[in-house]
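Everything below concerns the one structure shown next.
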């Protein structure tokens, strides 16, 4: 490679030329490598741009036909009917119900796991429980959905026979299943937050004679609160975007506005997923609804994620 | 400090300590006994939470096994699907479809994900707004719902600018974009964990930046990167929602190809079987879930083992 | 090594020519005397003219003017925060790795401007090797650690021979010859540091920069490395930063004493060169009161 070196090493007794500090090669390879690596990183920006473009173009088309006021205020969602109606509320409510039930499950269980793992578990127990939770996180959503539909819903009907169950679908059970799905996420993010609370804070509290319960609930938890909130926000975002579980367990459901957890209710994601499986022609208004609902979904999750990122960053600034 | 001052000081200290103790007791602690009871109750609640999570995990596996067992056989893997005879139906085209789609995903995410991670960690000046934009972008992409990637796939890859049609390659590309942020974030973390003294040592020997990255940093970060890639692949294998939009719902009774013809993948095929009215299709779906879970358990276990095995304190 | 001898003679004659072209002997700003009496007679490896280093707004090193001589051991001493490590890292452009660092003034290496527009930092680091404060072997085998430099810079020749020669030069061969394939992390701290020296020698640099090479080591390992420096002096120009005055007195031919001036308003510590002379002179008969206070242990 380097011309100067060949002379130095091969020529025994040969005069050694002064070695210059100037480049022995133009190092074009380095620049090519750097440019291609940068291109890989820029790709992510292009993906986001592509998402926005692919969502917005048909959405704009959609709102030329349908007034945005009707979309956001009307309470009937029947885009494929002979007399279509485009009020998005029924499926938004479906999504919110899933989020509600998911959080009822995921917040207590997820936080219990996090507190246990970060404050109480021995190294060995932690070494077992944490990977198991990671495996739970890796369970495909189709599996969770089928489990909810074929096992949890019949089980719920047996345990709570007095509720007005109708048909095989239930948005409440779907929400519970989504909750199980996001437990590992909520747990791992809050576990990280609590573990990065400096040991000095804990020791200070112990030195004042506080017991473990007090230290955990009055010192560690408040100190980690923004990380814990970030975990819940991230979990919410996941629950909003979850598709397969609700598609299977809450069904294509009834697009009427309803708050009954024992009924099958359509969510935004289930609408998109269910609509796409049917054969719909490109360029029709029904096709465009997929994108309009997708845009709404994207905006909701994006704002959640931005909030979570900000919370985590603030937490890091305080303790790291 | 004089002898005379000393007793005064201890007295003051005693008073201060007593005062502080009284104050903190009112904040942090009450009587010993109720504290102990509260502690026990709290631990019991925590264990209940952890137990529920673990029970839920095992319940899914047990349910899939108990329900799917009657149809567990090699026929399940080698038979073609059928709409009429669930007893003779299987997952062969879906499994092949998954293999094709995932091979494409791996081929895309390894260079792109590691490349982006190397750029951000080793080359990018983090104070520049465009690099911060890229970082924020990747963090946000990681949280975009998978179904939105399906919409992207439908509008950009199946139709639109790339126009591949409803083929396995479109599924690959869609899933690759979906899991790319995960790979980038995991690889960045692994690269960041390599201490800078290694980089400085290499550069001081007259290695170029890329020589330093490719011969020192990446080999040292390899286990972490590999773990990230494996977890991303596991996620891609189990993912169904975005593929609903990019053509994996086709009913295929033939072996799929990568660039033309319909395809399906295992999770989508399971979803379709589950939607059929006959009882036996439910068993078939559960058996498929079991196959999927086994594959994913093995993959996840490998990743966790790998991380544990090569976890290094620098 | 006969080849070494011959090449060095050639080097000298070239250098004399280069040195003659270089500007005249610089003057020490602090003392007003010539920065290095007798500079015109000896070969100059580095010539610093008013070198200052800034990290963003903060001035870390101010206006250093000095000559560093061929095949000398030059020690840079002074209290912590006096910019001696920063200055050392200018010599092989390791400061380039800190985005906010800016170097001003002129820095000549055998008459060539180290910060010249055509200069390649990678080539600079090939010729000017560096050993760090904390031993930093690569997480690879002992053999691969030594072979890394020659391989990346594309040196020709029998790699086993290059590795053996480097390890012998670093007085490490006898200790490790039977476990060359073992991971370098299994070595003791002192061995690791000598491995880093061997790694540096293997790329055949002209100069070795050492940044407090013994600060993480025990006294026995330190003594071994100091012995090694005496041997290496036969072939290399060595610049060593140390906070250990005894070490500077034991190993170096010339000593530069730096001190830190603290700006009360901004609390920025700026390193300045106080005195630079033959080591005996600096330690026995310093020309500046601040040097005297430091070397006699009254300050710092």
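For reference, chains read A, B and C in written order, and residue numbers begin at 1 within each chain.
We take it that a contact is a pair of C-beta atoms (placed from the backbone, for glycine too) under 8 Å apart; a residue touches a chain by one contact, two chains touch by 3 or more.
Treat the numbers as computed from the prediction; the structure is a model and nothing was measured.
Just to be sure I understand the contacts, which chains border both chain B and chain A?
Under the touch definition, chain A and chain B have C as mutual neighbours.
If you average the Cα atoms of each chain, whose average lands nearest the overall Cα average?
If one averages C-alpha positions chain by chain, the most central is B.
Would you indicate which pair of chains has the most C-beta pairs in contact?
A-B
List the centre-to-centre spacing of chain A and chain B in whole Å, with centres computed as mean CA coordinates.
Computed from C-alpha means, the inter-chain centre distance equals 11 Å.
With chain centres taken as the means of their Cα atoms, state the distance from chain B to chain C in Å.
Centres of chain B and chain C (C-alpha means) sit 48 Å apart.
As a quick test, compute the distance in whole Å between the mean CA positions of chain A and chain C.
Taking the mean C-alpha position of each chain, the two centres sit 52 Å apart.
Can you pull out the residues of chain B that are in contact with at least two other chains?
Chain B, residues with two or more chain partners: 208.
Provide the list of chain A residues touching at least two other chains, using ranges where the numbers run on.
27
Where in chain C do residues touch at least two different other chains?
Within chain C, residues 122-123, 126-127, 153 contact more than one other chain.
List the residues on chain B that touch chain A in their complex, please.
By the definition above, chain B touches chain A via 20-21, 24-25, 27-29, 35-36, 38-39, 42-43, 45-50, 52-54, 56-57, 59-60, 63-64, 67, 111-113, 115-116, 118-120, 123-124, 133-134, 136-152, 154-156, 159-160, 177, 180-181, 184, 208-210, 231, 234-235, 237-241, 244-245, 249, 267-268, 270-271, 274, 282, 285-286, 289, 292-293, 296-297, 299-301, 304.
Using the touch rule from the top, collect the residues of chain B that touch chain C in their complex.
That would be residues 125, 127, 195, 197-198, 200-208, 211, 215-216, 220, 312 of chain B.
Which part of chain A faces chain C closely enough to touch in the complex?
Residue list for chain A touching chain C: 1-2, 5-6, 8-16, 18-24, 27.
Along chain C, where are the residues that touch chain B in the complex?
For this pair, the touching residues of chain C are 92, 94, 97, 99, 122-123, 125-127, 129-130, 132, 134, 136-139, 148-149, 152-153, 196, 199-200, 203.
Show me the residue ranges of chain C that touch chain A in the complex, using the header's touch definition.
Interface residues on the chain C side: 2-3, 6-8, 10-11, 14-15, 18, 109-110, 112, 114, 116, 118-120, 122-124, 126-127, 153-157, 204, 206.
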